[in-house]
Each structure stands twice: as C-alpha cells, then as structure tokens.
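After this come two complexes, each holding chain A, first together with chain B and then together with chain C.
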Partner chain A sequence: MARSVIDVSGLPTYAFGSRVTPWWGTFSFCLLEGTGFALGIGGYLYLAVTNSHWAKDAVPLNLVWSAVFTIVLVASTIPNFLIKRAAMRENLRSVRVLLLAMSSVGLVLVVLRIMEFSVLPVRWSDNAYGSFVWLLLGLHGVHVLTDVADTLVLTVLMFTRHGTGKRFSDAEDNAFYWYFVVLSWLPLYALLYWLPRL
Partner chain B sequence: MRAVLSTRETLLRGFLVSGLGMVLAPAAALAHGADQESGGWSFSGVILIPLGLLLLLYTGGVARLWRQAGVGHGVAWWQAGCFAAGCGLLVAALLSPLHELGDRLFTAHMIEHEVLMVAAAPLFVLSRPLGAMLWAFPAVLRRYIAGAVRQPFARVAWRGLNEPISATILHGLAIWSWHMPVLFHAALACEPLHWLQHVSFLASALLFWWALLNGAARRRGYGASVFYLFFTSMHCALLGAILALSKNEIFVAANPSAAQWNLTALEDQQLGGLIMWVGATAFYLTAALILAALWIGSGSRAVKKIGSGARSFRN
Partner chain C sequence: MSLASEEPHATRDSDLGDEELRARLRKTWGTNGGLIGFLSTVDHKVIGIRYAVTSFAFLLAGGVLALIMRLQLARPDNHLVGAELYNQLFTMHGTTMMFLFGVPVGEAFAIYLVPLMVGTRNIAFPRLNAFSYYVYLFGGLMLWGGFAFSIRPDVGWFSYVPLANLDFTPGKGPDYWAQMITFTEVAALAVSVEIVVTVLKQRAPGMTLDRIPLFVWTMLVHSFIIIFAMPAVMLASSMLIMDRLVTTQFFNADAGGDPLLWQHLFWFFGHPEVYIIFLPGTAFVSAIVATFSRRPVFGYLPMVLSLIAIGFLSFGLWVHHMFVTGLPQVGAAFFTASSMAIAIPNGVQIFCWIATLWDGKPVLKTPLIFVLGFFFIFVTGGLSGVMLASVPIDTQVHDTYFVVAHFHYVLIGGTLFPLVGAVYYWFPKLTGRLMDERLGKWQFALAFIGFNIAFFPMHMLGLLGMPRRVYTYPAEIGWGGLNLLASAGALLFFASFLLMAYNLLVSARKGALAGDNPWDADTLEWATTSPPQPQNFDRIPCLTSGSPLWSRDDDQPVVSGLKVDERELVVTSITEARPDIREESPAPSIWPFVAALATAAAFIGSIYTPWAITWGSPVVALALVAWFWPKTSEENA
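Moving on, here comes the complex of A and B:
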C-alpha cells in the first residue's frame, strides 16, 4: 500500500472570512445571540398583546439619546467596512488608525447607552414593560461592551510586535461581529422607541 | 446519471407545485362562501391591465421562443404551467370574491396575502419570466433592452437587491411594517394604499423567491436559501403567534363581518394569525426541505464527478 505524504509548510497559517475557525465561532455566536434577541422581542410583543396593564404601563421612551446612539452606530459601519478591507489587505498603518477610530466610537456609544439608562422613565422593577425595556437595552448594551473591549485589546496588540499575520484575521473577525451589533440594534430601536408611539 | 437527477429535480418541483394546492384549497372554499354571502368578482382595471399585459408578454414571448427553438425548449412545459398557475392564483387572490371578503374578514385578508407571497410569487419565479417576456419583443428592441439592463448602475442595484440577505430583510420589512395596526387600517380605509400594500407584498416576495431560487444562491447550491427560508418562517411564525395568542383586539376594525361567520372579532383575528403561523410556516419549511434535498443532491453529484475523475486518472 502506497503512503501519501504531502509537504504543507507552504500553506498559510491563517486566512480570512469563513475559511478560519474563529469566523464560524463568531457566526454561531451571532446565531445564538440573535435567537436571544428574537426571544426577547417575542416576549415583549407577547406581553404587549396579552397583558391588560401594558397599554397603561408602556410610557414612550425619550428619543434624544437613542437617536444619537443610532446615528453614531449606523455611521460606524463605514469605518468598520474600511477596517475589514484594510485588514484583508494587511495594511498595518490603516488598521491601526481605523482601530483607534473604532475604539473611540465604541467608547462614545457606551457613554450614550449609560446616558440612555439614566433618563429611562421606568425602573426595571416597576412592571413587565419596565423589565423588558431594561432587559433588551441591557442585553444589547452588553454586546456593545463586548465588542468595544475586544476592539481595545486588538488596538493595543496592533501597536505591539504582535501586529502581524493572524491578528489581521482577528481584526476582520471583529469587524464582522460589529455588523451584528449594528444590525441587531435596528429592530430593537424600532420596537422600543417607535412601537409604543404608534 | 444526469437524466436521473433532473427527473428527481422535476419530481421535487412537482411536489412544490402540488403543495400550493394546500394553500389554495381553503382560499377557494372561503371565496365560495363569500359568493353565497354577498360579494362577487371585483374587476378592477388596476389589476386587470397589468395582469393582462403580463399574460400577453409571456405567452407572446414563449410562442416566439418555441417557434424558433422548438416546443418545450428555452422555457419548459412545467415552467409555462407554473406561470399559468401563478396567474390563476393572482386572479384568485385579487379578483375573486376572496379579495372583497378580505376587506371585511381578517382571516380572508390573511389568506389573500399568503396566496400572494408564498404561492403565486415562487410560481412566477420558477416560470423563467424575464427571459420569456424578453422574447415578446422584436430582435432589435430585445438587444436594446438587454443593453439597458446591462448598464453598470442597473447591474449593481440588481445584484445588491438579489443578494439573499437583502431580499430576505426587504421582504421581512414589508411583512412587518404592513401589520402595524396604523398602516393596516390605513390600507383598508384607502384603496390606493391597499393596492400599494399588495404590490409591496408581491414585489418583495418575488424578489425574495428570486434571490433564493434563481440568483447567486442557486450557483452556491441552495444552502443559504435553506437558512433564509428558515429565518423567514421563524419571523412569520412570531408575527402569526402574536396575533393568534393576542387577547387584545388589534385589528378589530378590519373585520366587521366576522359575526356572519360565527366568529367574534377577536376569534377572527386569532384565526388569521393561526393561518400565518401554521400555514405560511409549513409552506416555507416545505420549500426549505425541497431545497435542502436539491442541495444535498448537488453535493453528492459533485463527489461522484470527482470519484469518476479519479478512476479515469488511475486508468
């Protein structure tokens, strides 16, 4: 029986997109968390149509901070797109600058979310409506926080001697996850801020 | 081998077509009931003229194509059949008494929407409509139209819309926004808005099924289509479940004649929700299973091709 031997030392040690394992990890994470958001939205709507106190309890939320948050979040997809492209081209200078930009955008968003919580007209313990508002805002806030932490670590790494090879793949993966954070916010924003006003 | 696979594909498509019967049957029954009650056919030019034009272009195109290429070539018999069935369903949904009943009974309105979105739209997509209708024009005009469609802007826009993810999101947005009580009632009160509602349902459904059955998803082997069908079935199920489980009368103004059907306004709303929840979801899942079968089939075909290639290499 012949044995097949192949020299794989010439193969790359990292790749981008669905060719690397972390991408599948992030993708599965998005599916899981997306299901979590969907269940939260489903729970909110279920209570809205079955809870007899809901119409009285559902005080419309303040629009100011959430509008700023949404605009900044949607605008952040542009540097996010650029960072993904720069990472795939392995352009260290651009990746560094863009990661700094994304880190500051992320921190601004965290501050905006804190401001949002400070002006909420309901407490989490007031009623079912209040609980769901806090749950959904908090759940999404944790996702923002997760990605900002991830971006900060990546930014630091990119300014050290680790800023090579596989780290570009990590930057691309981080950008992929940020798209999920942005996309998952849009239905939540419509639900939490506009549905009670209709 | 190829012949066997293509017959299997035809067989699966046959299942898809026969599955439509399940959706159509209750629609026909309700339409019949409405006939006895009061309503009749609503022959509106807004529907008749575009539908007639569509029919004229398609039959003219297929006739010219079959004259040149031979009967059953370019557009297969089953594809022409799909087009005829799609037109029949549009007539059933928009012209038959079902449409008129939909103004007064929420359940009938939901059936009408489902017939448009999960039955008529995929049939039109399967019938190869664009190529066939292009043949309705003389050769000079045909070249001109094809050139216009190949403009960079048109290509980019079409490719963007035809991505399964953007088509799925657009279709989902159309479904959810028209079920906001404000918009739903506005559509019932104002006839042009009502047409807009139906046009946006049908157009986004056509885009959705086109992206899933014909577009890039087909070249990539239907795996993504299965996922997007599952996703769409989930959000439609959520919307249907909310309506079916609701204890508040959200669409109460939409069903003044519920009592004639021995339903309270709330029961009518719950039944409509149930049709969306179970009916539409069952259809999406059936389509997803068929596409999964095609996907797996194409995979094993590729493996067999590699296998036979390796054998010939050894010899």
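Moving on, here comes the complex of A and C:
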C-alpha cells in the first residue's frame, strides 16, 4: 500500500529563473550555441596564425555601423533588465510596454546588422577571411533575428487573453536569452572589428 | 502565483482509489488514435521506441553494406564490386553506423529509460523530443534515398577536404552527407538538452545527487559531451557545404583557407563522438552488472568521478587522429599523454564492475553474458588503443587494417555487445514478455566467435601493411587467407543479428510473461507495469535511499496532490530533489511534425538553391509559433 509522505498540492504551477525547466533548456542552448561561437572564433584565429596571406587578406572593417549596433545592443540590456523585473512582479502593463520597446529595439538592431553587411569591404567568396567575417556576422545575426522574432510573438501573446501566469515566466526566460545574444557579441565585435587593426 | 487554494475544483490523485486513478491518468497522458494522433504523440516511451526501431533498421542497413565489402575482400583480385561502388559502400557504412545508428540508439535508450528511472511522467520538452525524432528520421531517409537514386557520398565517413571539395568531388554526394550531419546533430543536441533538464529538474523527490542511478549519471555526462562536441561538426559541415555551394573559401588553401582546419573541427567532435557512442554502453553495463550481481555497483563515487573525468578528457584527444599531419612535436606529446590518461578512468570503471561481480552472486542470464563478452573485447580494443596513442606506432600503422581492427573492437565491443545485453534486459519492460534465453545464448556464441574471427585477423593484416579502403588486392601479396577468414567471421557475426531479429519477433508475441520486475532489479523503471502506463507511475515515488526497490517494504512512500485531469509533474531542486513546482507538461501536438517537415524541406532544398533557406525559414517559424502558442485547454494557471 502506498503511503503519502509529501503533499504537493500547495506548490505553485510556475516560478522564475533557475527553478523552472525552460530556464535550464535556454541555459543548455546557450551552452551549445556558445560552443559554436567559440569554435568559430577558434577557426578564425587558427587561420590568422597558420595562413601567411592573412595579414594581406584581413582588411579592416568599417567601424561606423558596427559601433552603432554595439551601443544599441549594450543599451538594450536596460529595458531587458526592466522586463525581467516587471515579469517577476507580474506587472502586465509594464511588461506590455517594455516588450513593445524591446521589439522596436530588436527591429532597429536587425536593420543595423543589415547595414553592417552592406558596407563590408570583402565578399564571402573573396578569401577565407571574407568567409569567416560573413559566417560569424551571419551566425550572430541569426541569433538576433530569432530572438527578435521570439520577442514579437511574445509581445502579441501578452496582449491576448493568454498574457497571464506562466507567460510572465516565459517573458523572463526570453529576457535571459537576450543577455546571451548581447554577451556573445562582445568577443565577436573585438575579433572582427578590432583585431585586424592591431 | 496560483496556489491550490485558488483551484478547489481540480481532482487530485489523493481523492481517488488506485483503479480509478490509473484509468483517469491513462486518459490524461495517453496518445490519441488515428494518423494525426500517431504523428502528434509526445510520450517519451513511444518516441524512444521509434528511435530504437529506426536506429536498428539503420544498423541492419549498415551491416549489409559491411557484408558486401567483406564478400568483395574475401579473395584477391575480386570484382564483385568496383572501386567506385566500394568507396560509396565504406562511406555509407561508416556514416550510417556513426550518425544514424551509434548516436541515436544511445538517445533511444536515454529517452525511454531516463524519465522512468528518475520517477517522472514525461521527458522535459516532450514536443522538442518528437521534433528531434522526425528530424533524425528525415535526415536518414534523405541520405539513403539519395543512395537509392545514385546520389552517393564516396569520400569516407569523415569527408576530408580537399577530396570533398567541389573540384575533386563534383556531384551532390558530399552535400547530402553534410546536410545529413546537420539533421542528425540537431536531433542529438535537442535530445541532450531534454535529458540534462530531465535529470537536473524532474527527479522524484528524495532522489538526491548521490541516489541517481549510474545509468542516469552516464546519460547526463553523455548529454553534456554532445552539447559541447556536436556544434563543432555542425559548424564544419555547414562550412563545407558553403564552400561547395556558395563558394566560400574556408578550406581552400589557394584563397587563405586550410584543409587542416576541417580536420581540427571534425575531430574536435570526432573524438568525443567515440565516447558519445561508448558511454551508453557503459550505462547498460552498470545497470546489468548491478542487477545480475545482486548488489549495487562497487564504488559509486569513483564511478561517477570517472564518468566526469572521461567527459573532460574526451575533449583532449582529438589531435591523435592527426598525428601524421606534421604537427609540432610538443602538441603530439600532449595528445599522446591525454590519450593514455583516459585509460585511467576507463580502467577504474572496469575494475569497479569486476569488483561488483566478484563480491556479488552473478546470475548468468543473456544480458550479463553479453556484458562479459564486452569486457573481453573492449579491453582488447583498449590495449591496441594504448598502442596507437604512441606517435611512432601510429605513424607506422596509420590508415591500415590495424586501425580498422582497433576501432571495431572498441566500438562493437564497447557499444554493441552491451547494447544487445540491454535489449534482452529491457525488452520485458517494453513488451511485458521475456526474450528466449536459449536463443540468446546461441546468439552470444555466434556473435562472440564471429566477431573475433572477423576482426582479430585485421590486426595482423594491418601489421602486414594492408591499407584501409582498398577495394581489392593482388594474390601475390599473400593477404588472401586472413581476408577469407575475416569474411567468414563477418558472416557468422551478421547471422547472430538475424537470430536476434527472429528472437525479438517471436518473443514479442509468444515470450514468457515478465511481470513488473522479472530480474528483481533495483531502479525505478521496474517499479511500474510492463509495459508502463502512459503516465509511467500512478503515484510519484519518494526515495528514502539509493536502492528504491531492494530496500522497499510494502509501505512505499509517494507524492500526493497532483492534478489528475491535467498533465502535471513534479519539478524538484537540483541537488536535494525537494519538490518545488507542479509544472504542466505539454500535450500532444502535430506542430513538431510539421516543423520537422518544413525544416527537412528547407535543408534538402538548400542543397539545390540557397534560397530554400530564405523561403523555408518563415514556414518553419510559423510552425514553431503554432507549436508554442497556448491552447485554451492548456490555460490553467
């Protein structure tokens, strides 16, 4: 005969941060995508060391659009932090307003990334340096794009009747992933835009 | 936050008697009938069985290719198959065994068993799990479909550049190969994330870190290795396909690229891959040795620490595949040292298992017999591995049959023998019936003798200088006798699998009834019915020791208070497994299947035009939105 020793009926049905499974899912995806970025950086540096033509191939990239992109991206951590806080307080009005702001910032970032591509002095087919520049910029661009798409869907969701309860936890999780998008850019920015100038 | 006091209407398990509770939970957690229901299921047991059946089908296909190659090599100057087809055969054999069988079969057992062993109702992210299966299936079908229509990769399972560049290999073969990598790695990465989260957050209350079964620990380490290793090969194969399709220059030495970069990226994945394939084998061994020795595995802590050590060290070995590429000597010395160092945690595991058998009362049933075969074959393969870790020896026997012998001893000994044991061991849980013991012992005899006759002579052939991947050899060179012997062994070995297939089919219908726990085992999957109910457990168990079944009296402690008409499961804290949340587990959905279909179409289309990604992405995105968009019935919080 079974004997009940723990009654879980009083436990919550959702929570925030590392208490819930989606946080760990997002964390695991950050680990594996971070590994992808690290290996991409490793490949770039490997060629920079082994290839005698690299110094000639590695033309410095235009600093203007990338600087604007980086400033906006880093600044976006402020509304991102506020969303996280509002979500944990389950403040629907603030979450809605901030998600609208984050969606707009995200769309601006997508445009800025396109501008970065448009002024690149090398094509992907010119040489291996060009291939790596396009690959790494594109790989990070895909991360920006997917999280912006995710944010847009979440924004719509929070304006429907579904915008309650567990959705706040989803909003917090989305904000957590955005930090990864920001953090993973910083070493890429240094590598792509500043290393060839050293 | 919604608490129970706000939801007085919900029926909970504590309100119901055993029979009604089981019936209600079956309804809540079950899979619907019909084609849509079939494609929508999110039950980890159903998906796990699909993974297993699919990977065994690929094992059979890969085995048939091996047999054709052995028939070709059975005598000198043979022309059963030509050089071109032979290249395709060994490429497809290696690719199928590594990517379509070796990795997914381990995932299959993890998907089926880990949620049962940790005492939860479904795997974490069950829709992602369903998605991963379809992506894997479509990737495998694409590669084999291409093969059927003469789009055949023929550049080896590691697809080295510059041979795999467009200049030297025109045609679509390597592109299909590269996209198949993406398919299977997406699947493996998804499953790994699910396993990590299931083990960390969904363990039954009381299953503290030191009470996690060794099988589950092994699958956790296995998943982490995948998370850190697989991105390398995805990145590499994407770079290769871009070099071939959109003229990037990653591996083109004339334009600043480097073919060795491919080797580094590939083997950064490729060596951990050996452990990705081998660790599930050790998981099976730990479970089988404990059960049939009638005692817990000796040295739980050193076992877990060895697993973690293997996980780390497996990333320090990759360059030993590249000893003949002209590396700096200090690099070669480092990788020799780490290649030898990994023998230490592997040795610790072997000695712990032997100590367990030594101290226990071994019962020689088929699963344990296959494990004993594993000890013999794997240790033999390990010894030739220590030889190969030495640069001078490696330089001599590189690309000879000595290496072929070595890795078949390690992979078949380390994985396939425990795997067959695992099939005999868990078959009763999946079907409720035992497999035939007498056939099992015959199968072992055939497999063990056949394997050694097939592969031992290859050590000698390698030392005599026979290179890998030659489709024939002249009679005067004197390799005919040993090759004929190897081919005869291969036939016996293949026959052992036909015997297993026969045993599986007959036992599924006529095998002796097994009951819940036919082996008197100790882990939680044996605490439920055979086959398990859709909900796994009617009442979630609470653990008071690391031996939940052996130490159990009739008074099984359980959790109460879960809702019956919704898919609720208990989320617990990471180290102490204290109950923390009643989380809702996603219901069946057709959208993961649709998303996988759209993903497959985009991937396959991209081989022909890069625009397929552009047009495919919004479709995939729409399917994902439909997948994640909450349904009214799910809104309970």
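Heads up, the rule we're going with is that the second predicted complex is superposed on the first by the 193 of 198 C-alpha atoms of A that agree within 3 Å, B and C clash if a C-alpha of one lies under 4 Å from a C-alpha of the other, contacts with A are read in each partner's own complex, and residues count from 1 in each chain.
Criterion: a residue touches a chain if its C-beta (ideal position, glycine included) is under 8 Å from a C-beta of that chain, and two chains touch if they have at least 3 such contacts.
Only a predicted model underlies this, so the values are computations on that prediction, with no experimental measurement involved.
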Side-by-side fit of chain B and chain C on chain A, or clash: fit
Touched partner set for A:Val153, first chain B, second chain C, both or neither: second
Partner chain in contact with A:Ser9 - chain B first, chain C second, else both or neither: second
Superposed model, angle subtended at chain A by chain C and chain B (C-alpha, nearest 10 degrees): 80
Which superposed partner A:Gly130 touches (first chain B, second chain C, both, neither): second
Partner chain in contact with A:Leu198 - chain B first, chain C second, else both or neither: first
Partner chain in contact with A:Leu45 - chain B first, chain C second, else both or neither: first
Which partner, chain B or chain C, touches more chain A residues: C
Chain B versus chain C as contact partner of A:Phe29, first or second or both or neither: second
Partner chain(s) touched by A:Ser118 [first = chain B, second = chain C, both, neither]: neither
Distance of closest approach, chain C and chain B, by C-alpha atoms in Å: 6
Overlap of chain C and chain B interfaces on chain A (superposed complexes): 46, 50
Contacting residues of chain B [partner chain A, same complex]: 180-182, 234-235, 238, 241-243, 245-248, 250
Footprint of chain B on chain A - complex, ascending: 38, 41-42, 45-46, 49-50, 52, 195, 198
Residues of chain A defined as touching chain C within the complex: 1-15, 19-21, 24-25, 28-29, 31-33, 35-36, 39-40, 43, 46-47, 50-51, 53-54, 57, 124-132, 134-135, 149, 153, 157, 161-162, 164-167
Residues on chain C engaged by chain A in the complex (per definition of touch): 1-5, 12, 14, 124-125, 189, 192-193, 196-197, 200-202, 205, 227-228, 230-232, 234-235, 239, 242-243, 246-250, 252, 255-258, 260-261, 264-265, 268, 539, 542, 554-562, 568, 570-571, 573, 579-584, 621, 625, 628-630, 635-637
